[in-house]
Amino acid sequence: MTDLPRERLTELYHDMLLIRRFEERAAELRQAGYIPGFLHPYIGQEAVAVGVCAALGAGDVLTSTHRGHGHMLARGADPRRMYAELYARRDGYNRAKGGSLHMIDTELGFLGANGIVGGGIPLAVGAALQLQRTGSSGVAVSFFGDGASNEGAFHESLNLASLWKLPVVFVCENNLYGEFTRQDLHQPIRDVAIRASSYAMPGVIADGNDVLAVHRLAQEAVARARAGEGPTLLEAKTYRHRGHYEGDMGRYRPPEEVAEWLARDPILVLGSRLVGDGVGQDELDAIAERVEQTLDEAAAFAEASPHPEPEEALEDVYSETYEGMALR
Amino acid sequence: MRTISYAAAIREALAEEMERDELVFLLGEDIGQAGGVFGVTQGLYERFGPTRVLDTPISEEALVGAGVGASLLGGRPVVEVMFSDFATLAMDMIVNQAAKTHYMTGGRLSAPLTIRLVTGTAGATSAQHSQSLEAWFVHTPGLKCVAPATPLDAKALMKAAIRDPDPVCFFEHKLLYNTKAAVPEVVEPLPFGQGCVVREGTDITAVSYLNTLHETLAAADELEQEGISLEVFDPRSLVPFDRAGLRASLERTGRLLIAHEAPQRGGFGAEIAAIAASEMWELLRGPIVRVCGTNTPMPYAPELEGFVIPDRARIAAAARSMITAGVA
Amino acid sequence: MTDLPRERLTELYHDMLLIRRFEERAAELRQAGYIPGFLHPYIGQEAVAVGVCAALGAGDVLTSTHRGHGHMLARGADPRRMYAELYARRDGYNRAKGGSLHMIDTELGFLGANGIVGGGIPLAVGAALQLQRTGSSGVAVSFFGDGASNEGAFHESLNLASLWKLPVVFVCENNLYGEFTRQDLHQPIRDVAIRASSYAMPGVIADGNDVLAVHRLAQEAVARARAGEGPTLLEAKTYRHRGHYEGDMGRYRPPEEVAEWLARDPILVLGSRLVGDGVGQDELDAIAERVEQTLDEAAAFAEASPHPEPEEALEDVYSETYEGMALR
Amino acid sequence: MRTISYAAAIREALAEEMERDELVFLLGEDIGQAGGVFGVTQGLYERFGPTRVLDTPISEEALVGAGVGASLLGGRPVVEVMFSDFATLAMDMIVNQAAKTHYMTGGRLSAPLTIRLVTGTAGATSAQHSQSLEAWFVHTPGLKCVAPATPLDAKALMKAAIRDPDPVCFFEHKLLYNTKAAVPEVVEPLPFGQGCVVREGTDITAVSYLNTLHETLAAADELEQEGISLEVFDPRSLVPFDRAGLRASLERTGRLLIAHEAPQRGGFGAEIAAIAASEMWELLRGPIVRVCGTNTPMPYAPELEGFVIPDRARIAAAARSMITAGVA
């Protein structure tokens, strides 16, 4: 039912928990005044980012969204430099110029969160085009939401990617809401995956709260892209546990709906499966312990990082030279 | 007299115009049940119902286009594109369609819609949620552009915008939403093209609008202590622009300072400077000075953002330099 | 097999022939230097415009494309004022300000040709919204091509129209090419109609060279829209006989392909059907005669119409008042 | 020395850069087999093949986005958006993504693509195919903007644009494509920010670019007969702008005239005027005069179009008025 060895499974558990706690602590840190900007927590959707990224290798690239911390962590980004960026400090991934909405990790091929809904989709298509043109075996993955699937960028990008058989995997995280608007009030369909047929592209649906289910379909889609067979639209049905952004109370969502999804918390789902597979609670506790340590260090690192000097605002408008992203 | 916020003033104008004319309706993302990301449309959905306050999908081109199309048939839509940065996704509908309809059709059709553009930074809102793009629309013949700085002007100009037979770009600054001021119970529409001298002075005419107007006023207070007298002129509508008002002020001062948050290069301040340097040349006693946003995108870190945006200190410093220069 | 009486059929024949000859003569008139601008001839696609417009009534509205003469004539526009506009004269539909790409007829609800591929689609959705909101029984029709179906505007508009069950009929004239690019080089699908499923909307396909086939499906789609059941995507498979614009030799198209379609000329198809139904050749000749007379008069009218005065360039930028298009 | 056309010069630059660097490739609608709507890319598809010259669907946002995405990975795409009016459909990719990438990422990523924007009227091209939109891009920090007026500058600047590590907007005027001039066999890239005095003079500095530069030169000939000596300055690149070159010329003349085809209000001429009136004030001996497009959309009729666009007569008349005023 899964081709992943036990150690990998506990790694996935670790990664999901890291995202969960990174976001929970970020919310607290924002409350405490350490983070000046807005936050769109990924809490509840961890299985999607982790399941997809587990199917990727070095040389693959990703584009993300306003809700990008989970994607970035799942790709293996450094929580220290992420908190440093959220804190608006020099050692942040974007040297305090980007913040949550624009974070990148060039070595990991993480082309960035994006402040524009749907904005990352054409960029992923372009990255895939460059990978194809240079004969790389790399694949581009683009994460976006159900709401983004109503943007023109989605349509134009999927048409182009399928036409040119580009190595892209389009991952639609359908969490049933675009901002405060329920899906049935923003589109007349339930399964975004059916839109794949408009582009003669396979469209598949995964239980977005089951990391293994996501991983399985992601592997197929990535393999297909690598083989030069073109893109896939992968829809993951999931849910965000918190508001659209920190501060949003999410009153527009029925309590029963929230409760139902909380009961299917992706971390609980994997956790109980692991326990079922004979992983001891002590081992899970050790993972949780490790996660807290990582985040303690990350927060300390961010706190210790210097603030930028005001004049730095004038730097980085134009480039000296550019050879392209140096993938690790 | 009662005091209300800028956001409440806009809300009242929308409500009163909707009461007055059933052809007026609202379109936008999350403006209905959610009351808008900035709360401007709070309560209007409950009061006027779903046929007057329409929540749209995240489809900027279609939602603005729907407003334009409805306006051709005589509807009076008020379209919110939320952060004006997202207007980049609706430029065809605004610029190629709405702005040119009346002209292209030899005067036979018009597109009387109002487009609400939420402008400027709100603190760490970063590069894609902070832009001040008014200069683009000012440069687009067929559009009218208004940029109120106070609750009263916001209410009076919104009423005029909705009743105007042409497409109007209505710029609202995020940092103004919660600012309060006295607004009478009954407010009449304010005809476009009427600037106002917000503060009288004798040494320098300082032209400013939106949030920067208040920084300019604060600078004027400071400068007064030093014996430098700033006359502060708020054009209120950028297109049409109150040339007579500017001329009258320059007749008193002979010196021109222009301050706005948008990047200096190609900003609306350049047009004001060009008007003065060509049409009011004989009134000028010294170089025109612009105090504007730096020619950079908006950075995330508060220290950097503070450097980019012209504040009272920078405005005051510039004014001082004008006087010393004048003396020398 | 068709519910149209004999007289109606000969009328359709007349309308198709009028479009054919209007375009052929426009090409000659352009050659002869009477028409300053570009022309995108509708020749070969006449059955689509005529079949669709035959299903419409007063109070219905239309948006068109760069290839709009056929749609406009099919709707009943005055060839005299059309030629006058192409000639850039005062009596033209747009008073010489628009030309071929922007022609309108407000009384016929013809909201205009459009210079922007896909630009008319959101406008039709907006017009439909206004018709729905005002309780009119009117329907909006939007014509566009296979190439336009790759624009974001197409996607966003169909999603919105279906979501709100707007009275629109989307007519995709699939003539196998977008400009000089064959369909298989611009989209990975053959039937644009399948894209309807992405919006939970019916998608139907008609032989675009059979006016009766087009008319039948158009009637169903219009009836559905009028009944408040929402939009339909109607794809008409057709072909343009000439180049993309006058002057384009169309070398990118295989001669056999062209020959095959010429053999299925929609006017021949209907003509032979009429003859089969017992209409005499003399009657068809009389129709041809009438068409030539109409166009003789139209060209004479245009020729006699005054040129605009240069200063008129400054008029029509802004409106005095606007009550909305006065439908006949 | 051989003479070649502006279009041929751009074609040569593209070809030579593609020879030099295999990372350079072309993207656009109908630029491949068809050689481009304006013939600029004629023969490049045959010479470099489909992997270097890519025909795209009619999807402006995705095709520009694909260029941006490819450039992030080190590709050097040259994207043609055909008529610059269609850039309205790609503004998010140009403005929110490409222009801000380097800054938002703290200098870690760049988007070195070249965007070809076909600008201006070509005679009866009407409102949606004639715009001169350079002012929008000049106002967008992170973009560089070049606007060559001669074949030699076009070739030299295109080479520099392609090698530039940042996004460059390359404005080409339709009426220049067929203009011919001497161009040496070997042309080196021309660094941005170097304007040039195209004609020396003593009375007035006339700043102009693209097609209007040639109208200005014609006006200078006329005026010479009357004893008025125009110095004609072509900035060639608008961003960066050659302030030193302008200053040097104003030191000779003391009077400034600015002419461009774009509408006057908020055009690039306003920025030039503002620079002079603030930074070069002491050199100015009289009012700055702008001779620009009227503040109207572009009309269809030749008589009207001629009134809208600044020609040699209008430029000469303005220059005369400056001298008389100066004398008075």
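Chains: A, B, C and D, in written order; residue numbering restarts at 1 for each.
Note that contacts are C-beta pairs under 8 Å (C-beta built on N, C-alpha and C of every residue); 3 or more make two chains touch, one makes a residue touch a chain.
Quick caveat, the model's predicted, so the values are computed rather than measured.
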{"item": "Which of A-D and A-B has more C-beta pairs touching across its chains", "value": "A-D"}
{"item": "Chain whose average C-alpha position is farthest from chain B's own", "value": "C"}
{"item": "Chain A-chain D separation of Cα centroids, rounded to whole Å", "value": "40"}
{"item": "Chain centre separation (chain C, chain D; CA means) in Å", "value": "36"}
{"item": "Averaged-CA centre spacing for the pair chain D and chain B, given as whole angstrom", "value": "29"}
{"item": "Multi-partner residues of chain A (at least 2 other chains)", "value": "94, 96-98, 102, 114-116, 119, 150-153, 156, 159, 163, 185-187, 317"}
{"item": "Multi-partner residues of chain B (at least 2 other chains)", "value": "56-57, 59, 61-62, 85-86, 88-89, 92, 96, 103-104, 126-128, 141-142, 294-297, 299"}
{"item": "Residues of chain B that touch chain C when the two form their complex", "value": "25, 51, 56-57, 59, 61-75, 77, 92-93, 96-97, 102-110, 112, 141-142, 144, 165-166"}
{"item": "Chain B contact footprint on chain D (complex, rising order)", "value": "61, 85-86, 88-89, 91-92, 95-96, 99-100, 103-104, 126-128, 135-136, 138-142, 239, 262-263, 265-271, 273-274, 276-279, 281-282, 284, 286-290, 294-297, 299"}
{"item": "Parts of chain B lying in touch with chain A, wherever the complex brings them together", "value": "29-30, 33-34, 37, 55-62, 85-86, 88-89, 123-129, 294-297, 299-308"}
{"item": "Contact set on chain C toward chain A in their complex", "value": "150-156, 159, 162-163, 185-189, 194-195, 197-201"}
{"item": "Residues of chain C that touch chain D when the two form their complex", "value": "36-38, 85, 88-89, 94, 96-99, 101-102, 114-119, 147-148, 150-153, 178-181, 185-187, 252, 307-314, 317"}
